[in-house]
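Mind looking over this structure? Questions follow.
Chain naming follows the written order as A, B, C, D, E, F, G and H, and within any one chain the residues start at number 1.
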Amino acid sequence: MQKKAILQLLQDVQKGALTPQEGVVRLESLPFEDLGFARVDHHRTLRQGFPEVVFGLSKKPQHVAAIVRSLLPQRTNILITRCTQSTYAAVRRVTKKARYHEVAKAACVVQDDTIYGAGVIHVVCAGTTDIPVAEEAALTARIMGNEVETTYDAGVAGIHRLLSVRAALARARAVIVVAGMEGALPSVVGGMVSVPVIAVPTSIGYGSAFGGLTALLAMLNSCASNVTVVNIDNGFGAGFVASLINRKRP
Amino acid sequence: MQKKAILQLLQDVQKGALTPQEGVVRLESLPFEDLGFARVDHHRTLRQGFPEVVFGLSKKPQHVAAIVRSLLPQRTNILITRCTQSTYAAVRRVTKKARYHEVAKAACVVQDDTIYGAGVIHVVCAGTTDIPVAEEAALTARIMGNEVETTYDAGVAGIHRLLSVRAALARARAVIVVAGMEGALPSVVGGMVSVPVIAVPTSIGYGSAFGGLTALLAMLNSCASNVTVVNIDNGFGAGFVASLINRKRP
Amino acid sequence: MQKKAILQLLQDVQKGALTPQEGVVRLESLPFEDLGFARVDHHRTLRQGFPEVVFGLSKKPQHVAAIVRSLLPQRTNILITRCTQSTYAAVRRVTKKARYHEVAKAACVVQDDTIYGAGVIHVVCAGTTDIPVAEEAALTARIMGNEVETTYDAGVAGIHRLLSVRAALARARAVIVVAGMEGALPSVVGGMVSVPVIAVPTSIGYGSAFGGLTALLAMLNSCASNVTVVNIDNGFGAGFVASLINRKRP
Amino acid sequence: MQKKAILQLLQDVQKGALTPQEGVVRLESLPFEDLGFARVDHHRTLRQGFPEVVFGLSKKPQHVAAIVRSLLPQRTNILITRCTQSTYAAVRRVTKKARYHEVAKAACVVQDDTIYGAGVIHVVCAGTTDIPVAEEAALTARIMGNEVETTYDAGVAGIHRLLSVRAALARARAVIVVAGMEGALPSVVGGMVSVPVIAVPTSIGYGSAFGGLTALLAMLNSCASNVTVVNIDNGFGAGFVASLINRKRP
Amino acid sequence: MQKKAILQLLQDVQKGALTPQEGVVRLESLPFEDLGFARVDHHRTLRQGFPEVVFGLSKKPQHVAAIVRSLLPQRTNILITRCTQSTYAAVRRVTKKARYHEVAKAACVVQDDTIYGAGVIHVVCAGTTDIPVAEEAALTARIMGNEVETTYDAGVAGIHRLLSVRAALARARAVIVVAGMEGALPSVVGGMVSVPVIAVPTSIGYGSAFGGLTALLAMLNSCASNVTVVNIDNGFGAGFVASLINRKRP
Amino acid sequence: MQKKAILQLLQDVQKGALTPQEGVVRLESLPFEDLGFARVDHHRTLRQGFPEVVFGLSKKPQHVAAIVRSLLPQRTNILITRCTQSTYAAVRRVTKKARYHEVAKAACVVQDDTIYGAGVIHVVCAGTTDIPVAEEAALTARIMGNEVETTYDAGVAGIHRLLSVRAALARARAVIVVAGMEGALPSVVGGMVSVPVIAVPTSIGYGSAFGGLTALLAMLNSCASNVTVVNIDNGFGAGFVASLINRKRP
Amino acid sequence: MQKKAILQLLQDVQKGALTPQEGVVRLESLPFEDLGFARVDHHRTLRQGFPEVVFGLSKKPQHVAAIVRSLLPQRTNILITRCTQSTYAAVRRVTKKARYHEVAKAACVVQDDTIYGAGVIHVVCAGTTDIPVAEEAALTARIMGNEVETTYDAGVAGIHRLLSVRAALARARAVIVVAGMEGALPSVVGGMVSVPVIAVPTSIGYGSAFGGLTALLAMLNSCASNVTVVNIDNGFGAGFVASLINRKRP
Amino acid sequence: MQKKAILQLLQDVQKGALTPQEGVVRLESLPFEDLGFARVDHHRTLRQGFPEVVFGLSKKPQHVAAIVRSLLPQRTNILITRCTQSTYAAVRRVTKKARYHEVAKAACVVQDDTIYGAGVIHVVCAGTTDIPVAEEAALTARIMGNEVETTYDAGVAGIHRLLSVRAALARARAVIVVAGMEGALPSVVGGMVSVPVIAVPTSIGYGSAFGGLTALLAMLNSCASNVTVVNIDNGFGAGFVASLINRKRP
């Protein structure tokens, strides 16, 4: 669209309807964001398969519903994280394709079921209370077109559980590890695989768990070199980055 | 310069040496930073009177000297903060105009002594150990073309000292308040003037002063509404912002 | 009033009704705050155009209403920050001129619509959840007689949005930047303008956002020299200081 | 009572009813706390005029009421801090002498109105929201037999208010200073008096006030040498220590 | 001196050399600090027996010596805390009366050996490494004219040591308790006496002692109501306040 | 069971039904966790007398009930910590043997009343508000087959209370000390006994108690060498470790 | 090798030299780590191209040299991070292939120059003082067989610098962003690319930079979804993970 | 000795040399610590085998040597932790039996080689840099008469190393786990054994390791119920408590 505007301008110069000097002035007065070639997100086509994401926390149901309505025509998948039941109800009124994921506290609208991932993403979590965050990560990865495997309830104090899935872990292209309390799991998993491990601390625990800070710090100090970390409870971010890592290459 | 390039392009289109379609392609291929109208720092002329600043901390003397040498032709003032004696010596070999300010631990090269400030900037500090930071602020303001007044050693536990300079404070256009320990001074000064107060916490103190953190937090929670805060020991930043506030208006 | 009392005293001395020695004793016994010339806030006239501000948080509706009633005769504008609906209702019963600003959670009574500002104050914020704090800043600046422009939803991860308003930013006399999460926006904006930037961290975010502490620390460490910082969520303080900066000079 | 038991033992030895060897064994078998001379709180008589204090927070109404009932026969004053309306109601059913102090959120039973204090205790607070803590301090001091004066709403950003009560401050034997936010008030008051200043940080404020931590740290770093500090919101502790300082000497 | 100036002014009014109106103007123009009656530190006479204190940390020897020289004529005692050997040497050159206290790292010049204290101040410390801070407290109290007793090396893990001095503790008018590590000592001592306990945390310890922060926090949360706290390693402050408490009453 | 599978395999090799090479392949393909000899928790028999523990916090009643139902056949004791009344009700519907411990907020199902402990475990706590955590510790120790003694309300500011139970403390094989606020109690108790002291900080207190952090830090810095620490409010953990220490030796 | 041992065992069973029962016992007694099929790091072959890494900090030169000597025969590349000049000298005596990277403070021994990376890794850093960490990241990526591009000195306060390299950024398969102070750079870069961004906070800055903590927290709260974070100054970790992401797929 | 004094007193009463009343007075006047039956450390005999420990940090060599000389006659073992080479030299001049443990930075004098431990204490550590702390723990346990086994360099990212020593771990009566960085090791070990695990965080690491705080917090939040924690780098404390646990029972 914008290109057309510039083309028109140049054609006017060509035709003599505009002097070159006037052309320079006109070019300068174009709003920045309309200069197609100067757009930062010029690589839109690279973004094929990326979902639109709405961070639902502290947004009103009708507000989220309105956003979803405006996104529907893009035909991409839509993910609403931190989505309450009533927000889901409002979204559901906008589109019958909306689905609610109780455990992950997320809703999604699937409009594109292409597989964009090259291999499998594996999501591991430590305790049962970590599952909601793990599920948010898994859902994000699935909605971005990945095959996802999960191993839940594999705390480090029962190491045989982890060892029993070592084969599955070994074949993953990216591993997401979700843990609260002492946050030790990513280090152990990190030592078992040769691919990137994305660690997600959770706010699970009490006392000196400090709402996930302890797990976060532990993960940042992992002795396994293949571990990177995202914010506390940020299952979405972990699923997102794992999807980028696993993406089929052109 | 760049404008000329675009004008040339449009003239080529006008002359038929270039089709409009080719013109669009050529425009797109220009490196972003060379599109004059898209430059972020297009307001260079507004910057007249701004010094070049070199943050000397952990830079090697010869490195700083080289930077200074490259800046000299701009004819602006040059300020080197956190400047050691040996860095100064190296700079001095580059230009005889360099001067060292022992207390402020800063060097400067004055090439422009225009007054850019509309009024007076007043720098207050609490204890004698806060003076180096206060002097860095004062020097910065002076080198940016401001008249500066100072009141040092005016702690809040001796309030009459502050009261005795209330007239001088009242005529300032911006006040910089430097304090360590409990960082109470900006609140008291803030209540005495009607202009912006820039608070600078210092790393002075011991024990639970925590290297200036206590003073920083106190200042951020000032009950005086005209107080804003910069980083611990950041006399330069305070002097810089005070200078912006005090600048003559076009 | 007080001046009259002193004048009377001196006239009594003149008339012989009081010996000079008795006069000294009488002067000494006058309560401090009644010595007009010793008043700290002697520059009341400089304060013309300053609103009366009531910090509404944890004050009872009828208490706020009573304060407002007592302030009405001063004919200045009145601003009630952190004002609940029910507090507003109580204030509204005191004066029909009261207006409620839903988003800013503030009420105001406008009695003086003089323009005291010399130029424009620009308020930028990062995400939609930062808007309430940004609106508090904007409202404060407006009620202090300033022209205010706003750019909302301009996060640093979508830099083209910011670039598209660079012209508007460039003409502001003071810029307020409101951001939560990583608090990066003031640095980017700071690099785009030559005027003071007042950064307001917000308590937006989760996990290691620590209720705004992360944004606060980031802003204090800004690499842009023209940034100063106020307390978390302190939109009022930012609007107040920006107004002081922008004030017409005598 | 205990002395009698030991005397009896020694008399039995004297009479030959007990051999010295048996006496040693009997002495050893006496429970420690019954050895009158070994009691730590042997100075009970020094404690005359000390109230019994019940820390009401998270205790059930009937539990507090039972404690009060058991204390009544001692004829000392009884103070219940952090006392809810319903706890008060329960206490009131135990004794009609109970009185509730709404602002201080405390109840007391006065059974002894002797004046134990030698001079006046002065309680200063910064903002209106600090008053509950200040009142807890004042009430504690009063119930311990002191004359108490108060100056409320004397923030450091309006220093003339403080100056106007300097004479009252100067005659106090101990000063309690209650402040939230930046906690600067004790330093200013500390510089105005020559007696101990007990600083009480309050949890008033928001953002980086961190529930009183900022005020606490500021007070600990006071540049006034006569300031000591108690825990956040600990009005009781301040009133208690001020009473100890002010106590008439034997 | 100032009184004379005002008297002169009133006499001029009396004589007719000045009209009452002119008198008001003249009064207003007098610098604030010169209005004798408005001086905050008007209670100098109450300050009899107070030492002059120089905080030696990071001051240069010759600077401290110069201060001492200027203070000598006041005939008060002089205390230099955090005083190095070389600073002492410089002071010694100024006056032969200077004495160095190796353990307390302090120097003093005694010019007034009046006893200002009514009773005894007792200084307790936990471990041998806490002794320097305890000695600073004791020295401060002595130089302010107090009788001082000390009990060192009385850690809470050897409670019988403390119990053995309970009689001495019981007769003190103020107790200073110095402790690092877990900072438990003030609570135990606080339970043994009926007078104010001033707790001084020390920076002794390692790991999670955090340079005294742990001891500081523990002391602030003491379950003994008669405990107040000063900054980490602030022996001087504790000695100062204890002296104020113990001062003979007029 | 697994052993049988391997035996079968070897018998097949012996019989010639399987070649040695095929045997290797078959061994390799066995899932890790089914290789009896490779099981980490191979010492199950050592675990006799260990209860099954369900951490009830944020688990739904029916979920907990289901877990309990599945554990019943093991015939071990079952402990449900942080158990609400409604969770207990659900468990009670599963088994009539369930009992609720109001103060400890825990439920248990006793199916094994063997004494596994060699001596006595003593639980001490400081204030009445610490009792719930102390009771959780005591209950855990009892359900693991230990004789438990308790001393509650023995704060360090009333040291005679502690001294009066020194004999009981001296005969314990492990001591659990529960305290909030300044967390001083473990140091004092640690100095009175020659056995391990397990310190449990509680979240009791306000202001700078920081939800138990202060007590935690104090305990970690105990000057008594026999003190180790568990997480804030972790009465269960303390009871568990004390039981391990006290276990009868084979 | 181990397989052979098991084969031997089975052959013994087959031959009758061992009964099946004896075989089970023998299998059980084999040390765990020698059971080839149970090895965790069974995927050694997947590890081709991984360097051996020696963390040089606080290791003695001769110790590092000995490690390097033992690693040489593996024919992999060897990387020594945090390597002093004297450690390098010691390593150099072991092998002439050792090279020192002054800026990165790292040494390496290249024995394998295969390209294992599929695309380009781009390393961006904010200030000149961040370069050592950026170089550590770049060196790590290079030694793991990647093509690396770098953009240094691209702070967010000069956004045009970043924009000028947007094309280079857009073609990278992974981007490493190194920044100290406010740590804003990863968010801006994250918004410009569609691949994983690995953020490395540096300990650059002063005052409230808190040795990199501020930058770390800011990065964890990035509003760009493709950002993950490693520990402060952990250039190696970032280079390692970027290499894993960029690895050619089988 | 003391018993004799009391016996004498009672005999005097018996003989009539003392009236019972005089006896009471005499008893009261005895110093508390001399009342044998009231001594807290009455269980000296239980302490057989306990070493005398000197914490060497910041004590002068001759001071330590003097302490050692005074302890020699007790015939117990003597342990000097945090002992420098020069302190050792001074101790060595006092007794030829002194030995220095380079890695543990400790010296000891063995005068009693009785075995007091019932079983084996196992010390595990994560990285080579943790060895000094582990050795301090091991040395402490040995000097207290225990058999000690060690497994060093068993980080959680190489889990097979740990698994390979599971049999040795399983037979220990107490396990000490020393780890820095993320502090995950105690959780993994805790899950592998049924005895108490004493976790020692070390100050190893950089950036957000915060001098061991991260490891400390992680250990306090261990998901293994048998883990308790001591202060950062407190190898001595861990060895001490493990020895208490392992002590032969009477």
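Following the convention adopted for this analysis, contacts are C-beta pairs under 8 Å (C-beta built on N, C-alpha and C of every residue); 3 or more make two chains touch, one makes a residue touch a chain.
Being a predicted model, the structure only gives us computed values, none of them experimental.
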| item | value |
| --- | --- |
| Shared chain contacts [chain C and chain F, defined touch] | A, D, E, G |
| Pair joined by more contacting C-beta pairs (C-G or B-G) | C-G |
| Listed pair (A-G, C-D or F-H) duplicating the A-F contact set, over half by residue number | C-D |
| Inter-chain centre distance, chain B versus chain H - centres from mean C-alpha coordinates, in Å | 56 |
| Length of the line joining the C-alpha centres of chain B and chain C, rounded to whole Å | 24 |
| Whole-Å gap separating chain A and chain B, where each centre is the average of the chain's CA atoms | 40 |
| Rounded Å distance between chain B and chain D, as computed from the means of their C-alpha atoms | 50 |
| Shared-contact residues (touching 2 or more other chains) in chain D | 32, 38, 40-41, 158-159, 163, 166, 191-192, 207-209, 213, 216, 220-221, 231 |
| Touching chain combinations (by label order) | A-B, A-C, A-F, A-G, A-H, B-C, B-D, B-E, B-G, C-D, C-E, C-G, D-E, D-F, D-H, E-F, E-H, F-G, F-H, G-H |
| Complex contacts: residues of chain F adjacent to chain E | 126-127, 155-159, 163, 181-184, 187-188, 190-192, 205, 207-210, 213-215, 217-224 |
| Residue ranges of chain B in contact with chain E within the complex | 128-129, 158-161, 163-164, 166, 206-209 |
| Of all residues in chain B, those that touch chain C in their complex | 38, 40, 42-43, 46-47, 50, 53, 118, 163, 166, 170, 191-196, 198, 216, 220-221, 225-231, 236-238, 240-241, 244-245, 249 |
| In the complex with chain D, residue positions of chain H that touch it | 3, 6-7, 10-11, 13-14, 16, 19-21, 23-24, 27-28, 32, 35, 37-38 |
| Of chain G, residues touching chain H in the complex | 31-33, 39-41, 57-59, 201, 203, 211-213, 216, 231-234 |
